[in-house]
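Structure, as structure tokens:
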Amino acid sequence: MMQHLPALLVVVPLMAAPVAAILRWRRAAWALALTVSWAVLAMAILLLRRVLNEGVISYFLGGWVAPIGIEYRIDVVSAWVLLVVASIGAVVMPYARASVEREVEPQRVPLLYSALLLCLTGLLGITVTGDVFNLFVFLEISSISAYALIATGPDRRALHAAYKYLIMGSIGATFIVIGIGMMYVMTGTLNMADLAQRLPEVSSRTVSVAFAFLTVGISLKLALFPLHLWLPDAYTFAPSTVTAFLASTATKVAVYMLVRFFFTIFGPTFSLEVMTFQWVLLPLALIAILWASMTAIYQMNVKRLLAYSSVAQIGYMALGISLASVPGLTAGLLHLFNHAIMKAALFMSMGAVMYQVGSVRIEAMRGLGRKMPWTMAAFVLGGLSLIGVPATVGFISKWYLVLAAVEAGLWVVAVLVLVGSLLAVVYIWRVVEAAYFQEYVGEFEVREAPLSLLVPIWALVAANLYFGLNATLTAGIATRAAELLLGVGS
Amino acid sequence: MRILGLYNYWVFVFLMMVGFYILISRRNLVKKILGLNIFQTSVFIFYISMGKIIGGTAPILVEGEGEVVYSNPLPSVLILTAIVVGVSTTAVALSLVVRIKEAYGTIEGDEITAMDNEMPPP
Amino acid sequence: MSDQVILRVATKIIVPTILLYALYVQFHGDFGPGGGFQAGVIFAAGIILYSLVFGLRRTQKVLPSWVARLAASTGVLIYAGTGVVALLKGGKFLDYSVLAHDPEHGQHLGILFVEIGVMITVLGVMITIFYFFAARGREDL
Amino acid sequence: MEILVDFALLALLAVTAMAVVRVTNLFAAVMFAGIYSFLSACLFTVMDAVDVAFTEAAVGAGISTVLMLATLALVGSKVTTPQFRITAMSTKVPPRRPIFPLFVVLVTGGILVYGTLDMPPYGNPDDPVHNHVAPHYLEESGHEIGVPNVVTSVLASYRGYDTMGETTVVFTAAVGVMILLSSLRGRDTYGQEAWGDEKVQDLDVGFVDAFGEEMDAPSPKVGRRKKRKRRKKGGRG
């Protein structure tokens, strides 16, 4: 069975989704989703171990050898992203039950789990596939389910947010299809490895245009500044569980796609020297960091604040990629993991506040430091990580990023990264100030969130601290992945 | 001949531009979806154009005849998938429009934005 | 529209033909254009036509909403299940060659199954979507 | 001859697409979009993609149009004129000048045209697309799969996994539509207080309740009938 893991990883949640959709009991649908998400995590860990020991795993679906059929191809980069997606899935699912019951109408709950599983399937499928068109198909599975998931939010603005996301997302997907078509028309193949071999021979205006379309399409999905317009609304109005899940997986997988196309398919030589994408990406990333962090400061809704912070954090990842050196890419890939666990912890603690208080506006945070000590402590630790305080994962990624910038001789960039951290201090402080230095003024008795919410949150916080203190494992894998992408080292 | 050879692709570009224009300039939510459909269909035309061989025939194997040129089956397969994806997106988008109409009473994008802005911030 | 005699009679003749044609498209897909997806859509179109003329309630007596919903799920499971069976029989996922004694026969069998899966899902999905849209408009506004 | 038909169809497509842009009535626009789909189906036939043509005719001109019309029946088909409109909030919305969208579209189109310049010409058998993977399908599928329609072989076997993904996408659409349209109608809420505990009880209908003997709406809603039934039972909330 071990040799079939790449396929099973995607097929198990895929088959669970239709079952969840016809289940009558909400609890049963949840239990199924939970079991599946843990099974997926186990498989992802096994795969990562195998990849680290044995190198690239290739799996020919249907038994048809690569360019003829579809190939699943897992290297260190994809195994790493797989781990991120799978672990977030595994932590969000136990959290989901209580939170979803509170925020989503009961008759939609089994369907919501089905959609969550489909979204997970899509994201996993994108990550393991070695075929560009297959990537598009799974991208659409994850996107369409994400549109529906966002629309389940309790406010009517969730509908408008989902619609806007749908339009932007479909434009992005169609651009990606155009890009794939242009690569195909020049090479006659859809397999990534095969494309990587054949593209340099046919380098031409068409290939450059394909590159441009793919970049724009993926940036739309990635919410890279200035194509991020759909993100704040979508994250604000979606149910807390959905926000936590999407914020820490969907954009990460989009980063993966970007890296995959830039470095594996087009190759560093073409991307860096012919298209010089780094000089487009670098300024955009910097603007994203500064502008989004400043916008976050003025938000009155903490979910929205965190959403803008996500745009800024995506900027950090893009910055790491744009440096296009081993330390830069390491920083980008490391931040991918680190940001996933800290943002999930932050959004989930806001979900816990939503559960008990019914609002996530800053005013609603007043005095919660004493009323919900565990939840707010988790928020503070997550916030410290976001700022990049030592002993948290945020510090590790910032450290690598600054190192990479200095190594590239870009002192300004290193300084701006630190400025971004200072801005993060300001917006996190606003919440902390309300929670710890103001009195609770509400009429209702507010209690600590139930354990089913707290345990997943604290699991993430623990991971935040553990990998902040002991980064050898994560940084080691990220470095290997970066070396693989740039074609240096092993 | 060079111009003729690219005619199909240029019409694809034109149709794509029309669809894309509807998509980003119109404020009516249903109209936007129509634009999306035209946009996507233009891409289908692009793919199918690249699979065609002049003088070829549909890729359904005929036995016993030696020299038959078949057009490329792969773009057809890809586009079959893309059509299905397109209609799925359309269905979800339309149900969103129905819900938006019920919740807001209008399907004009800018009116909805105005109403969003007048609501208490979340 | 159920008071229109011509419509009713015509529909009664046309709908079975459409359904039969859907099956033809399904099983002739190996030799000519067609296959599970097209067949599912045509089948669903037949049901939709019936419900336009005879009303939703009568249609749902023939094909209740939960059946359509179940079909949508079942089709996906049939498709993926075919892959899993292949996997259990020692091939790769979706490798039909191992389904029967000789590979070509196995391929035929596999294609048959997956096309049926596609058809069931598509007809289930299309009918479900139509029911939901129709029910939304019809109820007490 | 083929080329002439091709040219004519493409020209018609362009005209129809422009019509969709210009028409203000949504019903007319939907009809034009249907025609557009149908024309593209014809074009696909000319270009030897019969399966695609079949699907486009069934889906684009069929199901899509039906869904669009069903939506229009629910939302109305009038588009307010683009000039001065009074919105529901009675704020005047100035007509947005479409210069920016036009600019974006022109740039995108320009880049694409630039990209087509190096493309291999249309319909030439020496193009890379016809010489790399596709020949395997055409030459080998006869004995590897044994199905005359190569498109079916590729769809169901060589790239069968894509088709499984496609089936899943369709299923996802159903899940999406069910999630969206199984909600209460006209709910206009600002927070989670939208449904009290009692309502939750009422809503808690599973399969059998919702789709029981007397078929009603497919979406479990708080229908009048159901409330009456519950009252008869004495209610359990």
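Letters are used for the chains, namely A, B, C and D, taken in the order the chains are written, and counting of residues starts over at 1 for each.
Methods note: a contact is a pair of C-beta atoms (placed from the backbone, for glycine too) under 8 Å apart; a residue touches a chain by one contact, two chains touch by 3 or more.
Here the structure is a predicted model, which is why all the values come from computation and not from measurement.
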| item | value |
| --- | --- |
| Set of chains whose contacts include both chain D and chain B | A, C |
| Chain pair, most C-beta pairs within the contact cut-off | B-D |
| Centroid spacing, where centroids are CA-atom means, of chain C and chain D in whole angstrom | 18 |
| Centroid spacing, where centroids are CA-atom means, of chain A and chain C in whole angstrom | 36 |
| Chain A and chain D: spacing of chain centres that average the CA atoms, whole Å | 27 |
| Inter-centroid spacing, chain C versus chain B (mean Cα positions, whole Å) | 24 |
| Shared interface positions of chain A, touching two or more other chains | 14, 17-18, 21-22, 61-62, 133, 137, 140, 144, 147-148, 151, 155-156, 178, 184-185, 190 |
| For chain B, residues contacting two or more additional chains | 16, 20, 24, 50, 58, 60, 74-75, 78, 80-81, 84-85, 88-89, 91-92, 94-99, 103, 119 |
| In chain C, residues with contacts to at least two other chains | 31-33, 37, 69, 72-73, 76, 80, 83, 93-94, 96, 129, 132-133, 136 |
| Touch-based graph of the chains, sorted into line, ring, star, complete or other | complete |
| Chain D-facing residues of chain B, complex | 1-2, 4-11, 13-22, 24-25, 27-28, 30-31, 33-35, 37-38, 41, 44-45, 48-63, 69-81, 83-92, 94-99, 101-103, 105-108, 110-111, 114-115, 118-120 |
| Residue numbers on chain C that touch chain D, as the complex places them | 29-35, 37-38, 41-42, 44-45, 48, 57, 60-61, 64-66, 69, 72-73, 75-76, 79-80, 83, 93-94, 96, 103-104, 107-108, 110-111, 114-115, 117-118, 121-122, 124-126, 128-141 |
| Touch list for chain A against partner chain C, complex | 4, 7-8, 11, 14-15, 17-19, 21-22, 59-63 |
| List of chain B residues in touch with chain A within their complex | 16, 20, 23-24, 29, 32, 36, 39-40, 43, 46-47, 50, 74-75, 78, 81-82, 85, 88-89, 92-93, 96-97, 99-100, 103-104, 112-113, 116, 119, 121-122 |
| Contacting residues of chain A [partner chain B, same complex] | 133, 136-137, 140, 144, 147-148, 151, 155-157, 159-160, 162-163, 166-167, 170-171, 173-174, 177-178, 181, 184-185, 190, 236-237, 300-301, 303-304, 360-361 |
